[in-house]
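The structures come next, written out as structure tokens.
Two complexes come next, and they have one chain in common, chain A, joined by chain B in the first and chain C in the second.
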Partner chain A sequence: MTFFVLILSALLLVALATALVADLLVAAIWLALLSVLTTIAMFYLNSPLAAVFELSICAGLITVIFISTISLTRLTSNQEKKTAARTRLKKYIWLPMVMLVIGIALYLTLDINLTLPLLTPETDVRKVIWNLRQFDLLGMLIILLVGVFGVVVLFKEKFNNER
Partner chain B sequence: MNGDLNQLFGLFLLFLSLLLIAGVYLITATRNLIRILIGMEIMTKAVTLLIIAAGYVTANIALAQSIVITLIIVEVVVLLVGAGIVVGVFMLTGDISVKALKNMRG
Partner chain C sequence: MTLLLIIFFLAAVLIINLPPKAFFKKIAFWLALFLLLLQLVFVFLPRSLWTGLNTLCSSNNFSMVQDSLSMVMLLSIAIVGLVALLVAKAHIKSENKLFNFVCLLLLCCIGMNGMVVVTDLFTLYLFLEIVAAAVYIMIVFEKNQNAYEGAFKYFILSAIATTLMLAGVGLTLSTVGALSFTALQIYFANTAQISAGATIGVLLFMAGLFIKSGLVPFHGWLPDAYQAAPNPVSILLAGIVTKSSGVYALVRLGMLGVLVPESLKTLLLAFGAATILIGALAALWQKDFKRMLAYSSISQVGYIVLSLGAGTLLGYAGAIFHMFNHAILKSLLFVNSAAVESRTGTRDMDAMGGFAAKMPWTGATSVIGALSISGIPPFSGFWSKLVIVIALWKAGLHYYAAFAILASLLTLSYMLYMQRKVFFGKLIEGYDDLREAGFLYILPSVILALITIGLGIGFPFIVGTMLMPVAIFNW
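Then we have the complex of A and B:
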């Protein structure tokens, strides 16, 4: 229990750092650290397969996507960065206070007494994915194809504009 | 479900609600499109971990893991298309602010 309290507190602190830091590149790296902490929590909740997915895709691939997007769209000069950082601080100074107030309110009111229905527990993830959730797999494939199609369309337009 | 598991789920619910609120705040307070994507990512992390915690306390961890794998894949696709849109908007307008989207037709 103490371990989970520590991990979840670290998650909140890293999320705050991601929100408050001025540089987008640094924010992307904080986000990768958030993914790593999520992975550790998942591993200790007996779900190693989801943890591996989280680590390789969320901490790896998504960070690469963010860094390439940021490097493709970097436009501000140093002076602009300084003024932007000042206005940002005014906006985000409320975030820790909002979280603190809502956290205390939730702590005082939250009374968990769930009696969730226990389904037939299937312990093998592969069986669940390939046997129980075949239709969802089809949906996942369609979503992947839509993503590929979307990226192709977006970049095709860009190349046409360049010509 | 015994008391310990209830307590564990309550702990996760409390902290992950706050993480979700941080993501919502980030999305609503900023006008930068990349920061909106980062806020969305933070919210997804909270949901992912809550699904795993729910699977853990109800002894359905395999089902929870398979749902999380689906969620991660959908998350990547959404982020990829979002990043493509950000780059496209930047190429068109030279800006990555939400204001740049207001001037678009359609």
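Then we have the complex of A and C:
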């Protein structure tokens, strides 16, 4: 339990860092770290297959897409970066506090009995993903396609012009 | 069969991006036109098409709903998609940009078609994300400062909506044990067993949908996005995107019986009424043609949500009918605004006047759209608002019914204000050479105006045969 609370706290801090850093590239790396922590949390919750998906897709593939996209953008100056980081920190530092207070209040006041549906062994999870949730897989592939297409539409022309 | 509406569109996007690019760039528009027309045909002849492909479509792994509500949504998507496509052909001069728009439109249609046919809460969320991702890119299509601002606001609020919806999905899964529509319907049918967790799960999901629908007070992104987006995208956004990505899911949840707790109904009524009032009051103060229409959209979505709050069969029928009407009417008014802007180069209503004399088709169809949306008989808008008022009255919500009637006077006020400013009166100086924007603007306007007239006059015939059966969950 203590380990899990530690992981959740680390998740919160890393998420905050991801949102607050001014450099997009650094933000992408923080985000990858967030995925790694989520993977550990998923392993802890006995969902190894979901954890592997999280690690390979979110920490791997998505980070690659992010970094390829960022490489098409213009670098900001160090001064701009510092100013942006400082402003953001001032603006949003209250956010994790509020989230924490709301979370604790909800935990203490509501008696919600959360029980995840029991999962059968790993082979069945595979069956769920490939056989029963095909529509979701199709949806995810289309989202990736839209993302890639968006990068091409928004950045390619500008990148070519700048070159 | 409905799976083909996703597969065909996806195949089209992939094919037109293959070499020879120059050839596919030329035919992309026509291919999209063909697919959207095919979708129209499919809606009217669902069982007679593609019989040879039955094996593919009968696959159990792609569980899909194909009831009357889905068909109404597929019809709205096809009509508004066609209108946006035609206006895009006239509005976007560059072949490259038109090609990109066509690809994004097709991807957006995949998302919307998927959303209205899926039978699982998580899959619905997934397809909703496809629509949102395509729309971010479409809003910033022109790459100007305002567009980036509009898209950024939409993106941030959508991210919040996503968080709420995912949390809602998680809670619902934990308490109900499954996310399929059938499981939800069975669980919520037994009111005694509904736990706090399930209610909070639905509440969180609903909050996300409220943001996506642009309900007050989550409407901040909507006027900026509608105003900043290129005209064909505004048509798509106002006509169908917010309807399919937010309002449809609310209607579906209502028809599944998920919104049974009294607290949820009260929430819908309160948010619906506030949205109608604040949207209409804000529309009255606008000088920008598109921004006024955007606030009008917010107000009209309020009517749909108010009708859902009645929680009766008639209430759902009213919501669905008004949703369809609003898709038609708001597309019509946005086409009119696009036509005026394309000729005058401005959207400032203070700099307009007497345009009906020079643009008779645009002026006439705009009057029809404005009167219909204000609830004036015999147009279709009158009937949908009447059904909503009767549903509220019969549900014992007399104050809300009276409020709906009074609020439609506000709609009439800002619509007449717009007509007086833009189309009526003496033609202002400098526009002596003004003329119609072109066939690609007139054709969709006339078709949309004919639909609202036809539905209005034919309402007594459709009420028993089409409208009420739509509201019955019969899949």
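Following the convention adopted for this analysis, the second predicted complex is superposed on the first by the 116 of 163 C-alpha atoms of A that agree within 3 Å, B and C clash if a C-alpha of one lies under 4 Å from a C-alpha of the other, contacts with A are read in each partner's own complex, and residues count from 1 in each chain.
Throughout what follows, a contact is a pair of C-beta atoms (placed from the backbone, for glycine too) under 8 Å apart; a residue touches a chain by one contact, two chains touch by 3 or more.
Source: prediction; values computed, not measured.
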Is A:Lys91 touching the first partner chain B, the second partner chain C, both, or neither of them? first
Under the stated touch criterion, which partner chain does A:Gln134 make contact with: chain B (first), chain C (second), both, or neither? second
More residues of chain A are touched by which partner: chain B or chain C? B
I'd like to know which partner A:Ile142 touches here: chain B for first, chain C for second, both or neither. second
For A:Leu108, is the partner it touches chain B (first), chain C (second), both, or none of the two (neither)? neither
In chain A, both chain B and chain C touch residues 110, 112-116, 132-133, 136, 140, 143, 146-147, 150, 154, 157-158
Touching chain A in the complex: which residues of chain C? 6, 10, 13, 61-63, 96, 100, 103-104, 107, 110-111, 114, 118, 120, 122-123, 126-127, 129-130, 133-134, 136-137, 140-141, 143, 171, 173-175, 177-178, 195-197, 200
Counting only contacts in the complex, chain A reaches chain C at residues 110-117, 131-136, 138-140, 142-143, 145-147, 149-150, 153-154, 157-158
Considering only the defined contacts, which chain A positions touch chain B in the complex? 1, 4-5, 8-9, 11-12, 15-16, 18-19, 24, 27-28, 31, 34-35, 38, 41-42, 45-47, 49-50, 53-54, 57-58, 61-62, 65-66, 68-70, 72-73, 75, 91-92, 94-95, 98-99, 102-103, 106-107, 110, 112-116, 118-119, 121-125, 127-129, 132-133, 136, 140, 143-144, 146-147, 150-151, 154-155, 157-158, 161
Complex interface listing, chain B residues touching chain A: 1, 6-19, 21-23, 25-26, 29-30, 32, 34-35, 37-39, 41-42, 45, 48-49, 52-66, 68-70, 72-81, 83-88, 90-92, 94-96
